[in-house]
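The following pair of complexes shares a single chain, chain A, combined with chain B in the former and chain C in the latter.
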Partner chain A sequence: MARKLPSIDVALVGFGWTAAMLAQEFTDAGLNVLALERGVWRDTPTDFAPTFIQDELRYYFRHELFQEASRETLTFRNNGGETALPMRHLGSFLPATGVGGAGIHWNGQTWRFLPTDFVAKSHNEQRYGKLAEGMTVQDWGVTYDELEPYYDRFEYLCGISGKAGNLNGTKQPGGNPFEGPRKRDFPNPPMDMTYAPMLFAKAAQETGHAPFPCPSANMSRAYTNPLGVQLGPCTYCGFCEKYACGNYSKASPQTTILPVLMRKPNFELRTQCEVLKVNLDNTGKKATGITYVDAQGEEWEQPADLVILCAFALHNVRLMLLSGLGQPYDPETNTGVVGRNYAYQITSAVDVFFDDKLTNTFIGAGSLGMGIDEYNGDNFDHTGLGFIGGGYIALWTTNGRPIETHPVPEGTPKWGSKWKKAVVDNYLKQCSISTHGAVMSHRGNYLDLDPFYRDVHGRPLVRMTFDFTDNEHRMSDYLTDRAAEIARAMQPREIKVSRRKGSYSIVPYQTTHNTGGAIMGDDPKTSAVNRYLQSWQAHNVFVMGACAFPQNPGYNPTGTVGALTYWAADAIRNQYLKSPGPLVQA
Partner chain B sequence: MRSATPFLIAGLLVATSAGLVFADGDHAQIERGRYLVSAGDCYACHTADPSKPFAGGRPLQTPFGAIYSANITPDRQTGIGAWSDDDFYRAMHEGVSANGERLYPAFPYPYYTHVTRGDVLAIRAYLQTLEPIANAPPRNKLPFPLSERAVMRPWNWMFFDDGAFHPDPSKSASWNRGAYLVEGLGHCGACHTPKNVLGADMDDKALAGGTIENWFAPNLGADLRTGLGGWSEADVIDYLKTGRNSHDSATGPMSEVIQYSTSQLNDEDLHAVAAYLKDLPGEAGRVPSSASGQQTSSSGLSGSGEAIFLDQCSTCHRSNGEGTPTVFPPLKGNANVQQADATTVIRVILQGARTTPTDARPTPFSMPAFDWKLSDAQIAAVATYVRTAWGNVAESVSADDVGKLRRTLHAKAE
Partner chain C sequence: MEKIALSRRQILAGGAAAAVVATERPASAHSIKGEVPWAPSQADAPHAIDPGGYIFFTPQEAALIEAAVARLIPADDLGPGAKELGVPTFLDRQLAGEYGRAERWYMLGPWRQGSDNQGYQSRLTPAQLYRYAIKQLDAHVSSIKDGRRFANLATEDQDALLSDLEAGKVDLGGVSGKAFFDLLLQNTIEGFFADPIYGGNRNMEAWRMIGFPGARYDYRDFVAKHGERFPLPPVGLQGRPAWSSKG
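Moving on to the complex of A and B:
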């Protein structure tokens, strides 16, 4: 039986990016804020110090910073006809456990979505007619113009390095000409480009594209953000994704918010406290708080006026299902909202090998690269192509980590002396172009509770049912062909084209860009939260994160997650607190 | 995080609930007292447990043994609630407790003696508003005969001159205010002035740098390399207010001085302190010396020192030693790095360091410890390298120096 604690103004579930941002906002507003994090406290000098952080075995291969599958995992199947099985070792995506969440082990690729991405359904239908059968793409209920100030705030919080391509409607040479208008330039200049991205940019230009430096949360110079928190310049060590930064040079909750937040008397963090469910009153229309279990296995009931789910997308959805927050989605009838429109990302790569060029890609950073955006969203005419959506194409030099990264040409054996020789011959003379493709939502792709498998606390695991559809494969092939054309224009010795073929496999790492399941929208029948990320069912519950994306555009999600969080925070501070209740009438 | 706000509120509540009503004059005096308590950094030594502010019991490690700070809350039995104003003034002015016992100069009365009676009584008035906490500090761990407080009589006769601060009419009002703060409540010399064998300040080397609790508090004189000679007044103010400036970031015992004291000073007083410090003489103005500061590279370790530096240190401090000011302190030209006594350099490499966070600069940039990673010889080599590279000049460091400090710190930690 859970023991009851004194009530608090705001309870935040999870303590990564969104929770840290909200805690800073709400404590500024004078509220008493409590964050509950299932993992441990983590900070730069104690947990990520440069004396030991570059340890591939410990951090990547042994998952030091990731969710422990032995405590909680998910089950997976490609379609409803299969039996889902539990993931005992995470693969395709890597959610985190611990303070800072996955915000400590991301690459730092920080994009804005296109204006048309937010109206994907109406825009595509208007231009190309009815959507394909089974496609459940929706408009977001919020527009790019509404989010612009909040993108800006997040970029300045993080100190994003980049080059504007569109300032107040005027195109800026050297930036991304397709981006939505921004009010001001990035807070920091682009990172210093290494050789390989420059070769890509030259080839892209020669083939008629407009390459630009990709926006980066790795600091191009020392930066002090609006909270007074400081970051150091990036050293291009090439240990970003899957690692935390030891040099204070990658934006994370620890490097942008926590130094200020942790000093506040009206903020409290409880670590190793896992929230079991959101408690609802007898009408089901209002949350009374949450129940959590601490490290000793003791259960506590924490009453709260406002409950905000800030965990990873999959966990937020699962917690809603476990708490009866919103009607579970049923793919048979295409009704219900929680679990609906789960989506992912479709990626492919073209490796480029030179004889005469030293690329030295071990000099890298998570978001060091040049990209093109001609084939993203609806930046190009899709007539007759058989798909909607797109993605960016970029040459990143994220790393040359020796255990993980040693591309070899087509036809190289997988082991043995020939493989070793190929690694030695190519390690310093290669680079890779990647495509980062959208995944449209589809009726058969969803999340629900697994009927068999349970976590360490005896609660059902979340079950993922997902596969790529024809739309994704056609789109990804199209992007991959364009990438290969640019690769050839780089005049290499040879290239290796790695398409994403067949059914989605959850085993090889792809991206941790899981979206949907608690999507935002205008209609409570087809969305779990309204345009302010407020639960349609219980007005004092808000749900942050990429689970709100109705479908997954062709960019990394964090920039939009940050913008949506500030957007919701403003609505809560300026509207909800004054008059608690639904911010949108159903 | 120690925070001043909660206990201040608690103190005021207690005072109010006891039926005390402050007249405006009282309020002004109490507020002045609060400010002066910050200027004196009383909290740092008189607080062992943040939940019991000013209740004393913090051990101050002296070369002679541990001395525990007193409870200065208004508790009548264990604190100073039963003291009269005169008792309090005598303690501050003469180093004599209310019961007539001699205090040890770990309580820096040789500095506080310069504080005016008006300021002392303001401090007293503020301390009276604190929540009384019953807490009797442990007995001091001093060997006989030092354990007998009577030994302080001859010590005082030899080393202590009581007396109010006398302004220097040839200097500006600001300079004099700075002198009053530095030589009085600020008690900067308690750490920064070298001590003789009996623990008294060597007056001819005032603020020339001193050893305390296995740190070396650097020279504050005008010397270009080892003192404040290369710092502007604005640099001094930045450092005291924010914990960092373009030359260095504060760590070690200076952290709490900045956190509880200097970051709380108003701009006028910071300016005054800076004006006074910047007017201190350098070594040449004190004692002529030709021997110190000679670069020695006889150890033959400088080659490996550079290699270790590039591998382990250059990600933050940069291969040219210039660091990223206010983020990762520059080592090139850094005074702390070039002190005659290398204790601080060795200690920071062994244990790491944490820049003190302040409201103005909240990020506690930290350097990791290298004690588990580098041997005595390797640390000696890299310490020697940073003390002699990029134009830095200082004596080399030996593996023995490192080993000795490593063992001392290790023993302390156990």
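Moving on to the complex of A and C:
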């Protein structure tokens, strides 16, 4: 079967953000590092050039940069009483295939979670009493203060544009007053604002909020990062999310790390190599390496001293389940760890239509916007509201790409002359406020292996069982009401409120913020990895990514994924390599 | 560097894939080590459709599609509609290509009916769905309208039928009329607003109608001009007619 290759120090599964960051760290430490990527090599001048990347049909609607469901997808059901069916094409979320992963087609919205987010269980229980029945919210096992230096490193790697709201405990006017303290300001100033975010900021201020420029991985000016890699100023072309940047203006593995990493003699990348499983020794407590299949269909066994799962959250969890790495979660008994606490994001929108204001939202960038944070996390008193958690409210001008973005007022037909007139009348005079809400973890929301459906290699697909609960709907309605109040204060002709109603659907695009399934924590009975993202079962396996989130706070995940990766890298370099073994005793 | 290895252009030009440093192990893997892969003439540019008549649609299918898209986005005082801007040709080329064949979709069984939240569960590819639904729709029209076809109905009757499809009131021989309608509407809007290289949005007329400046990549000079009208006409991936000399 699989032919055996010479051993390597570190094998990285997948080659997106987390793998590129770790490869840079471990090669600096003198290790020989191999990354295995199932997709192809991609880079700015050849694959994302500004002469052809502004192609809405090809990249978003025909999914050219995304995972191919024909090779691997997942099955989905709202609850354990249904039969899960395959997601036959992408919809609700957009995982990637290829070098750079989803890090090339993200928007660049780069937040820090709140200090209280990391202690969600103990904090909420202390303030509001026992959590709701079935809620499986946990503390992370790591604190904001511990992660602060690593957030900082990731932000400086990426050249994040923004305005500090809290420097060493002192509030800074114009920044987010609710953020945790930072040691220093963002590496770059905020982006230049377009009209609509400024209209939002004015209305938000008038209604008693503290608006601030949202943190952005789109460059507000030319930037050279600590590795010496240069990024160019953003040109506001409006093709960020679902696209790659043609202008070296959005932080991605390609624009921040790869020009340095790829030239190192102790790093190797193998593309079109898909990892099938993590191999364990006969005790099950140590990994011996991984097995992968290459583009020719040949299987290879790659021994490694250290195996690090760096694929997308859902894929890491699936690989653990396929490899017997950690006990699978059982919702009946609420035992087991792998697949536990799968969560997502709950979003809603309020469209704003003007008669007299040209908003020109085609001038945009993925994280160009003004936001407020009064209703995120526990920044407000939840007493009597019937939910915990929250989310930010922001007006982004990400794009005016017309297939995707042609909002029309309430009551407009979906086709015909009236639809056409509404699109023509409103296209240049609209904008949209988004709410971006947390999803708490619940006993019935989890991942496991599907009993029927298989991928191209014959392996079971991962099965997602997920629905929004009362907590999410109450919270999202609350946020949406606040967004509508601000929208009205913008004095538009009319608004359209789109709440997230009913059960979760895998069909319409929402966000690619799939979290949990291999969560971090203090207790091996309720977490798959410890506070350093190290497998409780096999000490030489670490698992990166948003699968470590015990629940999903009301922010985009990438900033925290980056911080956790550097946090784990430090623990591996400074503790694990000196004395390989469990970094936390179970 | 699979793209280099597979590039027909390079092979035809006799160009060796010089940028790859392969290790001995394993021989068949695409190994990249010691450099950032790059080679000239490798840009992954899009392919414009070949102009001309229909490839996928039969004349009868084309008649129905032309009539239907002309109702979904009609020509009117505001400007041309989907038919005038080439959406039927766009649909034809999409259905004849990898989208029509559902090449990126997961098309393995078992096949079951699911809830709406579980999404598309038909074993038909988009091309198969169009072909089957068009035939069934014309048969349905024929049975209720004295042997006539959809394309020959008065526009009011066409609108009424499309509304019935949209409302889920018509079964197309086991295929949901709503599923077909939703896909047709989605693809029609795609064709209307996509770059003209794909066959629709002829001369960027749809972009001009709404004020979208197209495939531009630098708005820095205009970011701070709040509330002003953007003064430049749209450009497509192949530029715009004024850029080309009339040869």
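By our rule, the second predicted complex is superposed on the first by the 586 of 586 C-alpha atoms of A that agree within 3 Å, B and C clash if a C-alpha of one lies under 4 Å from a C-alpha of the other, contacts with A are read in each partner's own complex, and residues count from 1 in each chain.
By our rule, a contact is a pair of C-beta atoms (placed from the backbone, for glycine too) under 8 Å apart; a residue touches a chain by one contact, two chains touch by 3 or more.
Quick caveat: nothing in here was measured; it's all calculated off a predicted structure.
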Touched partner set for A:524, first chain B, second chain C, both or neither: neither
Which of chain B and chain C A:294 touches, first, second, both or neither: second
Contacts of A:229 with chain B and chain C, given as first, second, both or neither: first
Which of chain B and chain C A:73 touches, first, second, both or neither: second
First (chain B), second (chain C), both or neither touched by A:115: neither
Partner chain in contact with A:44 - chain B first, chain C second, else both or neither: first
Touched partner set for A:263, first chain B, second chain C, both or neither: both
Partner chain(s) touched by A:253 [first = chain B, second = chain C, both, neither]: neither
Touching partner for A:362 - first (chain B), second (chain C), both, neither: second
Residue contacts on chain A - larger count, chain B or chain C: C
Residues of chain A contacting chain B in one complex and chain C in the other: 45, 49-52, 233, 235, 237, 246-247, 259, 262-263, 265
In the complex with chain A, residue positions of chain C that touch it: 1-3, 23, 25-26, 28-38, 42-46, 71-74, 76, 78-79, 81, 99, 102-108, 110, 112, 114-121, 159, 162, 166, 185, 188-190, 193-195, 198, 206-207, 209-220, 222-224, 226-230, 237
Chain A-touching residues of chain B, taken from the complex the two chains share: 1, 3, 5-6, 312, 315-316, 324, 326-328, 352, 354, 357, 359-370, 373
List of chain A residues in touch with chain B within their complex: 44-45, 49-52, 222, 227-233, 235, 237, 246-248, 255, 259-260, 262-263, 265
Touch list for chain A against partner chain C, complex: 3, 5-6, 40-41, 43, 45-47, 49-58, 61-63, 68-70, 73, 76-78, 82-89, 91, 192-195, 198, 233, 235-239, 246-247, 258-259, 262-265, 267-273, 294-296, 298, 300, 357-358, 360, 362-363, 400, 402-403, 406, 414-417, 419-421, 423-424, 427-428, 452-454, 503-507
